[in-house]
Each structure stands twice: as structure tokens, then as C-alpha cells.
Amino acid sequence: MRLPIALIGAGRIGRIHGANASADNRIELRYIVDPVAEAAAGLSAMTGAQAVSLDEALDDKEVAGVVIASATQTHADLIERIASLGVPIFCEKPLDLSTTRARACVDAVTRNGIPFVIGFNRRYDPDFARLHALARDGALGNVESVQIVSRDPSPPSLDYIRASGGLFRDMAIHDFDVARWLLGEEPDEVSASGSSIADPAIGEAGDIDTALITLRTPSGRLCSISNSRRTSYGYDQRVEVHGSLRTARVENHPETRLLVSGDEGRTRSGIKHFFHDRYAEAYRLEMRHFVSVIMGSETPRTTVRDGLRALELADAAAQALKEKRTVQIQYVR
Amino acid sequence: MRLPIALIGAGRIGRIHGANASADNRIELRYIVDPVAEAAAGLSAMTGAQAVSLDEALDDKEVAGVVIASATQTHADLIERIASLGVPIFCEKPLDLSTTRARACVDAVTRNGIPFVIGFNRRYDPDFARLHALARDGALGNVESVQIVSRDPSPPSLDYIRASGGLFRDMAIHDFDVARWLLGEEPDEVSASGSSIADPAIGEAGDIDTALITLRTPSGRLCSISNSRRTSYGYDQRVEVHGSLRTARVENHPETRLLVSGDEGRTRSGIKHFFHDRYAEAYRLEMRHFVSVIMGSETPRTTVRDGLRALELADAAAQALKEKRTVQIQYVR
Amino acid sequence: MRLPIALIGAGRIGRIHGANASADNRIELRYIVDPVAEAAAGLSAMTGAQAVSLDEALDDKEVAGVVIASATQTHADLIERIASLGVPIFCEKPLDLSTTRARACVDAVTRNGIPFVIGFNRRYDPDFARLHALARDGALGNVESVQIVSRDPSPPSLDYIRASGGLFRDMAIHDFDVARWLLGEEPDEVSASGSSIADPAIGEAGDIDTALITLRTPSGRLCSISNSRRTSYGYDQRVEVHGSLRTARVENHPETRLLVSGDEGRTRSGIKHFFHDRYAEAYRLEMRHFVSVIMGSETPRTTVRDGLRALELADAAAQALKEKRTVQIQYVR
Amino acid sequence: MRLPIALIGAGRIGRIHGANASADNRIELRYIVDPVAEAAAGLSAMTGAQAVSLDEALDDKEVAGVVIASATQTHADLIERIASLGVPIFCEKPLDLSTTRARACVDAVTRNGIPFVIGFNRRYDPDFARLHALARDGALGNVESVQIVSRDPSPPSLDYIRASGGLFRDMAIHDFDVARWLLGEEPDEVSASGSSIADPAIGEAGDIDTALITLRTPSGRLCSISNSRRTSYGYDQRVEVHGSLRTARVENHPETRLLVSGDEGRTRSGIKHFFHDRYAEAYRLEMRHFVSVIMGSETPRTTVRDGLRALELADAAAQALKEKRTVQIQYVR
């Protein structure tokens, strides 16, 4: 029998998870929950799952897992409720915009002993995973520094930005997770610089669109993160690990492998445009992982605590930016 | 209602077409036909289609299209029989190993007026398609020459080779089609050189494993094809069009975008290993095209006559190799 | 008549300048000055210039220019003495390790009105110069951020490090200059993080071997500098300018253009090993520029004030590292 | 004492050799010989050598070597005369346009036992030399095929073409030499196809501008040569050796290492424009080799017989093109 699964949220990211869940023949995507009836109906038509209310979905005791892909402010409540039912959870990042609530989520998951996977998709990308394996297997020697370039093709709407918790919590949160994962050690110092040079309206909304973040771990490993909300050339996702023996990097993914030579030079295609095409395979593997976790054949590769740690780093970066100083992090637990 | 489709052949290539057909929600893959019961049952389980006999499949008057992916020697008979029923056909290359039979296939298709798509998958590869568009749109200027490198990772079994019709009809046939397509003009001169240097056993079986083929068109366009049955580095598929204004090429597809730098140099991953991963997207688009052809929204991009022409070039190359001279081609029709 | 020139310093960098000066047929490299008689004699033999004492060289009133390539602690005295003679000066970086002395150098040069070129070689590198031209000409749009990776293949001796003024003043000083030049605006905020993770002995000597530096300009342009004293793969010199319209970067220079493909992947040669081969052309063009400045046909592209500004940034970075805060820079003049 | 050398020919290629010879401090470039007084005077001014007549140069019994860089039709006479004097010779390719005369040159060199170096510059290119070393050292396994792409940026004048002996003897001659060198075995079968598609006037002058040449060796190694007199993107010089263990290639040399990304794609600079910049280092090393040969510390890497063999392949290709058949070569000696 296929395990019945419910998906909460039928927006942009919900549709990605819905498509991947319905293609995994170990499960049955049984329910779609979304207050926007049209969105729920659309994804229902696409996947064959039923559009129902949250209560209806959670009342079905056969439901073996829930995928949370709804708005950020709903995450913590949903996690606490579903955890109390003992049902495995996949939750999109971030857990919450408040570390207090995020800690409560960690507690709820721990107390109820449920399997929980946070949606840090990049760890599931095959290239990133190989880079991590090289770092962990010693092929690079001792990891000395990590360079992350992470830039979106274009800024989201100002409404989105105002509700986002800011660039650090909304966008850089992925990079904080990648940094922790590749550094192999918890950063305890954070500094940050930023500006709203790409779009002054973002500055007026109280946020930045361009940032440089520096992390340092107790053993002296360094990490730089370069963020921008806007490029002219697609979704710029590069990561480099500088080790004592070798340095390895993941380069951008081009749209084609065509090279045109003329008197204007040698031109290749642009790179993948945004997260849905650059990380399509990562999303697929992430959902497969969640199903394996539900089935007990794998343990969570991205945990609820990873979700909390990334948020703590985002908070520290925000404080560092504001106070123009290096912030020391003391992890509570 | 979804159009019912039958698939003949559940081997390596049949499974690719079966998976793509069953993922296209405009059609219903209704039947699998394969004399090897296990193969038919396996693909049936994977796709939900029924494993039936050929007669059963063709007796169903609702069947709106047939995909022929069975052994080469069955193609011509199947084409003639299915064409006489007025049912659209997708057929894997080659039509047949004999140009006489291939011409009969062209006649059968023409006489019955059925839609027919030959499986020259490379034309459906997005990179090759963009290269062709550049050549046709004039971005490259006048096409002066085409360079094709087409090498397999490892030779097939000697049994396969003995039944294959030889490297030109079995392997280079794809390249002959790509050459015709990119040259934009029918080649009328062919010369060839070859050897069995990669594996002498192939020579003892009467075939070659390494070849250089040269084509020339009436206006003086030249094309070189470099074939090998064996590389140490994967499936080498490069094409370059040298034009009067620009030169464009399709490069190999790497397995990852990881770069490792150390004192041994800068190392990238190998390239895609073989046709099923390198041309996965092409196979998908090819099947989608066939469904669109059945539905009348597209006309065949790779026709039965394309299948014949490529075979005629293969025959000419074989003759050129044997007689050590440039062979002039006179196309009968 | 060829203009007579004197070169002070016949060490590693002196030999580079000596070779380039003797190949420029607009000048005559007349004198070599070095307290180490063997070094002076060696370079004298190589170039045909006379090995003399400093006084002898400066007593020759025909000397039209002096190249200072001696130890750092001699620079300021030499600059003041030669400037007072009204003789044009080319001086290797840094002016001095103390900003007070560096300011005195600026004063001496200004007061005496002599042409002065500081040896920030990277501005003369053809690739860097093209990148700068793209940024200045508007091809990139508004410059939003600059990323500099600058890593040496291996650390210098501990004796060198102890006398060097530290990584910021000795090594990053080039990067501070490149940053100012490409940002097109004077940075007024500096933060820094560092460690001696590559070689703990460097830490015991009071210095760091790995650093991340962040600069910010008044309009919000950001710059990150990633330094390391040790790579496993040569001299890593990459610079990227992220603009509102386009992003451009200079990539490393490979030693060969050979690509080897096998089952181990696709391997290219390593990159140029160190500054003398990576920047060979820059050193040549830099010396040609100095000769043109002497002859009055060009004005200094790298000025004595550029030397001071880079040093002020190095001081600010050292303070930021020590005090773990963002340091605001107020330029005295 | 520096060895006195004479240079015959002060044209384009003579100036390259003259500059390299005058920079080698083991020799003294003593004489320049050119019937065009202005050319001789110009190179004399540049190098400090005396412009003299041929007789004057050869009457100087101290002359230890002669560089022949004059017009092709003068080569054979000069070789015979200088060889009879027992003086070492460096001669630009080709020996002559007639194999009969070329054989006479081989005889003259052999009979007089003089050191002789033919100017096949590509063998001295560091990248080509490394590729050859990989092929010879077994790193590639058994060499199975060689692919050469060799294209000029623009055709020479029609006058040049009429006197050139045709594309095979004038341009492809370098490629025939590279082919022999990399194949490691003497080709005994040649076929060729060609057209004047880039410039019909070249066809009217009796030559071709685009060619595909195929070589085969007795053990079955294959080689393809793709030539064009005209690209839109510089001097296209690529060579690939396909071996049983690995495949290695030399790629084109870019003018810069700049990459610009925008919505138009990712653009790199063009490649080196023509032979003088692409092979600058090869010309330098070639001349150093000749000096070492004169001094007895090296034996000729490119011999007079190599000059003859390449010409024999050119003749065979011309015959193959004309007779539309594969030509078998029987080497006389």
C-alpha cells in the first residue's frame, strides 16, 4: 500500500513538492490543503489529490506524513499541532521568523519524537552533496574557508519583502545552512555589511538587497557569503571550499552547452534562471528523502535543529549589521 | 479522452519510450508487445499498460498510434502492416538495413498517407535544435562545414555487431542524419576510412570500430564525422557548424559542475555516460512530438524519407570504404 | 639619447624590474645599487648596468629616473632623498609600513612636484585593465559589489612575516588598491576576520594567514577580499565586478590549454604559479608606463596617494580585526 | 664569444626569427640579407645586425649558422649552397613546392652532414609538446585517432595563393607534420575533399579554401584535418589525440581571461588572432633549439626529412582530391 501524504500549501513551492510527491510511487498524495480554493483545486487537478480543509486532512488517521509549504507565519502552529499527532513532518524553511518560536518547534518535535525534515534544498543538490562529501572524506584536507555566492535574478515584491523577516532570514538562511554544513563546525562569530543599492525602495521598506556576511568558527575557519537580490544573468549559485590539500567549487548550471564564436567573442548561454530550474533535481531528491524518512529507511539529513541554527545565524547577522560589530553567538542548546 | 497507444518492443529503448509515453497525459499507453514475456511484463508493471500479442494490440481499433522499438529486422514488416491499417507510426532508427526495404517503407507510408516519425533523437535535443536554428536563421552566415564527433563509451557485444549492419548503418546513421540536417543540403559525395583498432575482434567480425567519414554537398559544403565504438571518458557527442559569420558548437554534457583544484591540476567530472542520460530530454521531446503529430498539431520533424536518406549515405560510406574512392550518390527519389 | 635610469634593489623584484627596464629601448639602465655585492653583480651582468653605490648613482646628474625595489624599511628615506633631487621615482609597494611616514612621502613628492609611480602591478595587467574599463565605461551599469580572491601558493618565511607589517599591509595591500580602483569610490567602512589556520606558526609570529575583509563605500558599494597565504594549486587571482547591467570577472591564468579526459574526469593544467609568471606582462607594462611618465607622455596611473590610501585601509582592517568591529575611515587628506 | 648568425629574408617571418635570434645571448645576429633594401634596413635597425648581400654573408667564415626565411622558391638553392659550405641551416617550411627538389635538399644535407632544422613551429609550442609527450609516454594508451582543426582568420592575397602551391602545400603542410608526429607512425593512405566556398575567387585561381583531409596509417590509426582559409573568430588551432586510455586535446588560446555575464549570455574574449601571437612562444623556442643544435647540445627535432615527408603527404592529398580516390603512398626513402 502507498503511504498517504497531505500537502499544506498550493503556492509556488507547494506545486513543486506536490509534483514530486505525486511522482514517488511509494506514497499517495492524498490531500491538498490551501485556503485559496483556486490554488488547491489547480494542484488537485494536476496531482489527483483531494482538496480538503486542514481538519479533514489531519482527521484521516492513515496520513503518514505532512508536507508544510504554506506561508511562513503558519509554520510554527502547524508544526506544533502535527507533531502532537505524532505524524512525520516535512517543512519548508524557515521554521519561523522568531528564534523563540523556532525553539518551541524544536521542543515540540523532540518531545513527540517525530521524524522531521526541514526543506534546505541545497543539501540535496547532487553537486553540493558531492562537494560536501569531498570536504568530509578528507579529499580537500582541512577545511580553511568557504566562499558562497548566492544571488537571485530579481527582487520579490515589496509586500513580500516587508513580510519576509529581511534578507538574512528570508534569503541568506539557505546560505547559513550551507555554510554550517560545509564548514563542519558551528560558527561563533558573525559580521555583516549591506546596502540597498540595487533598489532603493527596498531600503525604504527597511531591508537591504546586497550583503556580505562573514562567519568564523572556533578553530578559525572562515566563510564569506555574497548575496544580491538582483542579477542580470540568472540565479547565481556558487560555492567554494578552500582546503589545505585541494580547493573545490560548484559552478553555475548553464542553460545550454552551446558555444558561439564570432568577432564579438565566444558566447555561451546564460545560466539557469531561478531556483525551480536550478534546484529541480534537489527538490525531487529532498521529497524522496522525506518519504524514505517516513518509511524508516533514512534518518533526516536536514533536521529541525538545523532550521533553528540557521535562524540564529540570521539573527546574529542582523544584529551585526545594525551594531556594526562582530557578534559572538552563544548557542542556548 | 486520452489517445490509446501501443508500444512494440520492451527492451532497452522500448523502456525509454514506454516511460516517456506513460508520462504524457495526452495519451494512454494501452499495450506493450514483446515476444519476451518477462520484458513485456516488466514494462507493463512499470507503466500500467497491458502486455498483449501484436494481433491483440492491432485489433483494437481505438489504437491511435504505434511506437516501434523492436529489433531492426522486424521494422519494415511492422511499418507495412501498420501503415496499411492507417495508424500513425513512430519507428526507431533504422527503417531497415536494406535500402530496398527502406524504400518500400517510404512507399507504404506515402501510399497510406499516415503520419510517420523516425526516431532520430538528436534533432529533438534542445542544444542541437538551437544549433540548427542558428544555422537556419542565418546567424552563422553561410554554412561552410560541419564537424561531428560521435563516440560510444564501449562497443556492443560481437553478436550485436554481427547483426547490426556495420558501424555506418548502426551507429553513424544518427550522424548522417545530423549532417544532412545541419548542412541544409543533400550530400552527393561520400568518402570514408576506418579500422578496427579499438578491438581487433570487431575486425574479425567484419566490421570497424573507428571511422572518419567525409561528406560534400553540391555547393561545396563539407562535413566530417569522427566515430569510435570506445572512449575512456563517456559518450562523446560534439557538433560544430562553421559558418561565414560565426562558428557554433554543442559541447559535451558534464555529469556535475564541480571543479577540484590541487597540485594535480584542475579536474572536472566526466561527461554523461551514454545515450540514455545524454539524450534523456531528447527522448522525452521526441515522444511528445509524436503525440502532437498524432493529434495533428505538428507535422513530422523526422520523416520516413529522412530514414531512407541516412541509410543511403551509410551504404555509400560502406562502398567508399571498400573501394577506397569517393562515391557519388544519385538519389533515386 | 636613451634616458639613464638607476635601479635600487637587486633582489627578486629588482631583477624583474631590471630585466624590463633593460628591454625598453627608450632608456638606458645605467646603475644597479644593492648593498649585497653579489646581487648587484648578478643583475649587472644580466643587464649591462654598472653596480655602484647609492651616492654614485645619485651623483650622476643625468639620471632621469630611479626605480626603488629595495627593502620596505628603506623606501621612505629614499623617496624623500630622491624627491628632493627632483628625480622621477618608481617605488615598489608599500610606501612604508607606517601611515605617518607614508604621509611624509606624499608630502615630499607633492612639495617637489616630481612624477611618482607606485608599483601596484595589477592595474597594469591587461585583463584587470579591461575589467576596469568595462566598469568605468558603463558596460556593467552601476557597480554594486566587487569580489576579490587573492591567494598565494605558499607562505613566505617566518622572518619575512615578522618584518612584513602583517598580511594586511604586506599582501592585501594590492587588493585594497584593486578594490578602490574598481569600486570607483573611496571605502569608508572596513571590517575583517582572520585566523592562522594554514600554519599555526604564523599565528605564533603574531600574524594571520587567512582573512576575509569587507569594505563599504558611502553609496553602498560592497567589496569582499578573500586572502590566503597558501593554496595547493598556484596563485589564485580572481576579481569580479557585479554591476546593475552585467557582471564581469577575470579568471585565473592556466599554465597550458591542454585538456585530458579519462575515467578520472576531465583534467586541465594548474594555474600560473606565482606573481612573476601571472603578472609578467603587468610588470612589463608598468615599467613602460614609468618610462612614459618620465618622458612626459603619460601621467601616473598609480600615484603616491594611492600608496597611502591602500595603507590606510590596511591599518583600518588591522584595527577592525583586533577590535572586532566595523572601523570608520576618515581620510585626513 | 657569441656565435655569428646570418638571416636571409627580412619579411614577416624573417622579422620574427630576427627578433628571437637577437634576444638569444648565445649568438650574435651578424647579418641580414634581403634584396628589398628597405626591409633589410628596417630589421637591421631593430636588431643591430648588418644588412649585407648574400655573398658577403656567406664569405664570412665565422658564420656558424644561417636562418632561411626568404621566399619559398629560393629555399632549395640556398640549402644546397649553404650545405655545401658545411654551415648549419634553419629553414622555414616548405623546403620547396616540388618533391624532387625537396629530395635533392635532403640529399645535400645528408651528403654534407650538416645540422638542419625545418621550421615546423607547432612542434615547439609548449602545449603541443606536452600533448606529444602524453601520447609518447603512454599516458593516452594506444593512439587510435588524431583530429586537427587548423583555420586561418582570413585568406592571403590571390597573388600569394597563386604562388603558394595550393592549400595543401602551403597551409596544411603544418598539419601533415603535426599528424605524422602525433600519430607516431607514417600514414600510407590519404584522401581529401575540398571546395572554394569561403571565397569563389580562390576557386577561380585554381585553389580551394576549405578542406577535409583523412590519413590512415598501416596499423589503422586515423587522422582528420579540417582546414579553412577564413574564420570569423581568429586563428583556430585545435588538436586532439584519441587514445585507448585517455583523450587529450589542445584548445585555442584566448586573448583575455575575462568573462562577462548579462542577459545576452556569458561572453569570453576571442582567441589569439593569428600565428604570430598564437605561436610567439613556439617561434622563440624553435630559434633557441636551432642555436642549441648549432652548439651541439641538441639534435634537430624537426629534420629535413620531416620537411620532405609533409610535402609528400601534401602531394598525395592533391592527387586524392583531383582523382576522388584514396591515394596509397610509397615512400621512396
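Brief remarks follow.
Residue numbering begins at 1 within each chain, and the chains themselves are lettered A, B, C and D in the order written.
Following the convention adopted for this analysis, contacts are C-beta pairs under 8 Å (C-beta built on N, C-alpha and C of every residue); 3 or more make two chains touch, one makes a residue touch a chain.
Predicted model, so just to flag it, every value in this text is computed and none were measured.
The greater number of contacting C-beta pairs, out of the two interfaces B-C and B-D, is seen for B-D. With respect to chain D, maximal separation of chain centres occurs for A (centres as means of Cα atoms). The geometric centre of chain B is 41 Å away from that of chain D, both derived from CA atoms.
As a whole-number value, the distance joining the C-alpha centres of chain B and chain C reads 58 Å.
Counting partners per residue, chain B has 231-233, 245-247, 261-262 as the residues that reach two or more other chains.
Those residues of chain B that touch chain A in the complex are listed here as 126-127, 130-131, 134, 139, 245-253, 256-262. Those residues of chain C that touch chain B in the complex are listed here as 231-233, 254, 261-271. Those residues of chain A that touch chain C in the shared complex are 141-142, 144-145, 147, 149, 151, 189, 191, 193-198, 210-212, 214, 216, 219-224, 226, 228, 230-233, 236, 242-247, 324-326.
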